[in-house]
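What follows are several structures.
In the two complexes that follow, subunit A is the common piece, with subunit B as its partner first and subunit C second.
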Partner chain A sequence: MHDIYNFVSGTLVWVSFILFTGGCVYRFVSMAALAKKKDPVIYEYMSLRYALRSIFHWIIPFGSENMKMHPVFTIVTFAFHICLIFVPLFLFAHIILIKESWNISWWFLSDSIADVMTLIVVGSCIYFLVRRITQPEVKFLTSISDYLILAVVAAPFITGFWTYHQFPGHKFVGIIHILSGEIMLVAIPFTRLSHMIFFAFTRGYMGSEFGAIRHAKDW
Partner chain B sequence: MKKKSWILYSIAVTAVAVVVVTAYSQENVKYVQDSAFKTKMRPGAVFLHDEHNEKAEIDDCGTCHHLYKDGVKIEDETSEDMECSECHKINGNPVPLVAKYHLRCKGCHEEKKAGPVMCSECHVK
Partner chain C sequence: MAEPAVNNTKQITDEGIVRGASKLTPEKIERVINSVLKAETGARLKTYVDICVHCGLCSEACHFYLSHDNDPRFSPAGKVKQTIWEILNRKGKVDAEFIKRAAEIASTECNLCRRCAMYCPFGIDIAYLLITMRRICHKLGVTPQYIQDTAHSHSATINQMWVKDDEWIDSLMWQEDEARGEIPNLRIPLEKEGAEIYYSVIGPEPKFRAQLIYQAAVIMNASGVDWTMPATPGWDNSDMCMFTGDFEMMARLKKIHFESAARLKVKKIVMGECGHAFRSVYDVGNRALGWKMPPIPVVHSIEFFYELIRDGKIKIAKKYEKPVTFNDPCNMVRGRGLHEMGRFVTNATCEKLIEMHPNREHNYCCSAGGGVINCGPPYKKTRVDGNRIKAEQLFAAKARGAKTIIAPCHNCHGGLEDIVHHYGLDMDIKFLGDIIYETMEKPE
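And now, the complex of A and B:
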């Protein structure tokens, strides 16, 4: 058990963080180079003011017309993203592990709040899954990889909940929990999860074109 | 009258039981405890003091109950009569003290490749 635990909580953490940061830098640089080659107009039109204006409207719940048209989806997606980011970064158990390793720490959530937030993430994933299966316009755009990505995102939260509550097999699931977190981290730059790094730029470009060229709102 | 004496008898037995159990648990520690932890996030870490030290072959109390002065460990002195938090002060943030406990227990387990290292192995529900 010690060898497996040390490997997944030591070596593999380093490997996944290097792949995550390196992958993000690589994807970002190669995307910028590709845009320069194929879509140089992006650099001409990009405007900080209109980019920020658009991003601002799209990160506020119900800040866009599209969100007002789909209220349930808007609530679920905002709750999902907030919990998805807050739980791993501010979970007490994670803070302790970082404190033990690097002697640094920051603010943390209480375990009971983190527990509820974890369920929100898992529940949202189920909602997204059902949506993909039942909504024709979403189903049309769905491929196998979308289901896999949903599983990659849900896995760390399901296994984390499982180990925290010490359901049967929690030691084994604990190892899977660490592994699944690492897989998700590595998946961010190389899958559709890369909207984490590209969101500000795709939104920013739309805002720039609509704001500066078409003189229209894009929210 | 009969009923009353029966009640008194029950109370007396309960009181004795409570005293005995409390005294016993102070003699033989079962959980890692520190009064500085006001709200507990997890169940206390299971720790059978005597059995652990016999198995781990720890004779020197100062291995855990160490005493430092100006950053230097005092070799002949130990601190069994103190709580860890008397030196490792909490000051409103439990993180540093929790980490100290973890490094003392889990750190040694990792070093010796023996004993529990994962959260749920010690903080048993």
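And now, the complex of A and C:
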């Protein structure tokens, strides 16, 4: 078990970080080059002012009409995304690991808050899953990959919670936790999770078209 | 053909689609799909397909979805799933039956109204994905017959309605003559070089709504503006080729339109109350020609009327008495933000404006635009049944007193007329030009 632990918490961490960073850079650069070649329209019409105007309206809870129409979804999705990003970056246990390795550290969440935030992520994933199964308009669009992505996102949080609370088998689950976190990182640039990279650009482009050319709102 | 339909939908009977599809082979389908995808699409299509998280939040943007009791097949992403996603997943290896259904979905069950772009959290341009499907269908020769006929007319005559060159001039002179009964010194100045305004209309105006040219002439004369109309092809600003996916022809039409205006050395183009034509001249066709913005400024009638009234060039004698409601046309509101100007004109000419809900950028499409009404009688039921929500929206406005619908767009006009009749709404439909003509002070 120690060998596996050392492998997933050593070599694989590096591999996953390199794939994540390199993947994001690659996806971004290759998409920008493809746009330059095939969709020059994006460069022509992208307007910083209107891109930011649109992004601003869509990253503020209830900033768009659609968010007002789906209050539960809006609350869940904002809570989910905030917790999803904050917990891994500001978790005490993670920061300790980094401090031990490189002697650098930063502000961290209290364990109890991180615990609640982890449960929010897991609960949100359950909400998304139920929504996917029960809402006809979502079910119609759903394929196996949607469930897999949901599992990839939920896994590090479920296993992290398990490990922290030292539930039975936590040593083994801890390894799964590290592994699943690595899988999720690598999945970001290469799956639908790449909306993390591209959201600002698709939203910004639509905002530019609506704002600068069409003189209309897009929220 | 007695083959059973593969989808659980009605049998497709449109001549253009059925006959076009009968000539397809799997090899041709695959070759055409992949050539369009490779040559004409790039980062936009790839990103849109890659990042869509299948959340379904675009659904309630679509009047087809809402009008079919939230049937997921009619949601924006649902339509993309049945068209573009499928051809990408199968790398173009789809059969003729699939193409028939895809042509119908893209051409008759989506108005390209772009409301869903305002509901997708990522701002995915779903209309772009469906017009790409139409483009593929065009290249495969599978387009609904009626709209294809108008596209043929565009190719042969440079106007949408098979109007011959002399008939165009005749129609203008006829309307000038008619209007002189009311205003004796009225002119429709043809081919006036250096005029400030080049007034262009859509093919159906001389064909069957000639009174709109009459009214426009009265408004132009009363306001004393320096205007002209061309006596050559290029007068028709409409563009069904943009909607069939015939982008080469679209560019040709816009080139002739802009060139006829450039030849007359006008300062700007003012367009009649048409939505899709505005989209074509202001937003889409100019891009196909390599112009970031139109080479000659383009002003839609809503904005033109707004300026005339604001500057006191038109005076209102007696306001329109019946309470009105204002239907925001997609292409001038989501397409140009003219909603407040439209309301300014309405309030200046009408006693009472009763808003329908939702309104402005969020108004529901009339279900006629995007070339859907041009797909003709075979699809009338599709678009009228597909817009029950518009009837409900209008019933609510009517319940609060609205008697007349102002629809400053030809397609809205045609679409709403069918909705009003089908659902028994019993409301009048008017252009802003109708109202201004009716209420303005006319020169003796």
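Here is the rule we go by: the second predicted complex is superposed on the first by the 219 of 219 C-alpha atoms of A that agree within 3 Å, B and C clash if a C-alpha of one lies under 4 Å from a C-alpha of the other, contacts with A are read in each partner's own complex, and residues count from 1 in each chain.
One rule holds in what follows: contacts are C-beta pairs under 8 Å (C-beta built on N, C-alpha and C of every residue); 3 or more make two chains touch, one makes a residue touch a chain.
Remember, it's a predicted structure, so these values are computed and weren't measured experimentally.
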{"item": "Partner chain(s) touched by A:41 [first = subunit B, second = subunit C, both, neither]", "value": "second"}
{"item": "First (subunit B), second (subunit C), both or neither touched by A:31", "value": "second"}
{"item": "Which superposed partner A:146 touches (first subunit B, second subunit C, both, neither)", "value": "second"}
{"item": "Contacts of A:170 with subunit B and subunit C, given as first, second, both or neither", "value": "first"}
{"item": "Partner chain(s) touched by A:110 [first = subunit B, second = subunit C, both, neither]", "value": "first"}
{"item": "Which of subunit B and subunit C A:96 touches, first, second, both or neither", "value": "first"}
{"item": "Contacts of A:20 with subunit B and subunit C, given as first, second, both or neither", "value": "neither"}
{"item": "Dominant toucher of subunit A (residue count), subunit B or subunit C", "value": "C"}
{"item": "Complex interface listing, subunit A residues touching subunit B", "value": "1-3, 5-6, 92-93, 95-96, 99-100, 103, 105, 108, 110-111, 163-166, 170-171, 174"}
{"item": "Parts of subunit B lying in touch with subunit A, wherever the complex brings them together", "value": "41-42, 93, 95-96, 98-99, 102-103, 106-107, 109-110, 113-114, 117-121, 124-125"}
{"item": "Residue ranges of subunit C in contact with subunit A within the complex", "value": "40-44, 46-48, 50-57, 59-61, 65, 70-73, 75, 77-78, 81, 117-119, 121-125, 283, 287, 292-293, 333-337, 358, 361-362"}
{"item": "Subunit A to subunit C touching residues, read off their complex", "value": "31-32, 34-35, 37-39, 41-42, 44-45, 54, 58, 64-66, 69-70, 73, 135-143, 146, 149, 192, 194-195, 198-199, 201-207, 209-210, 213-219"}
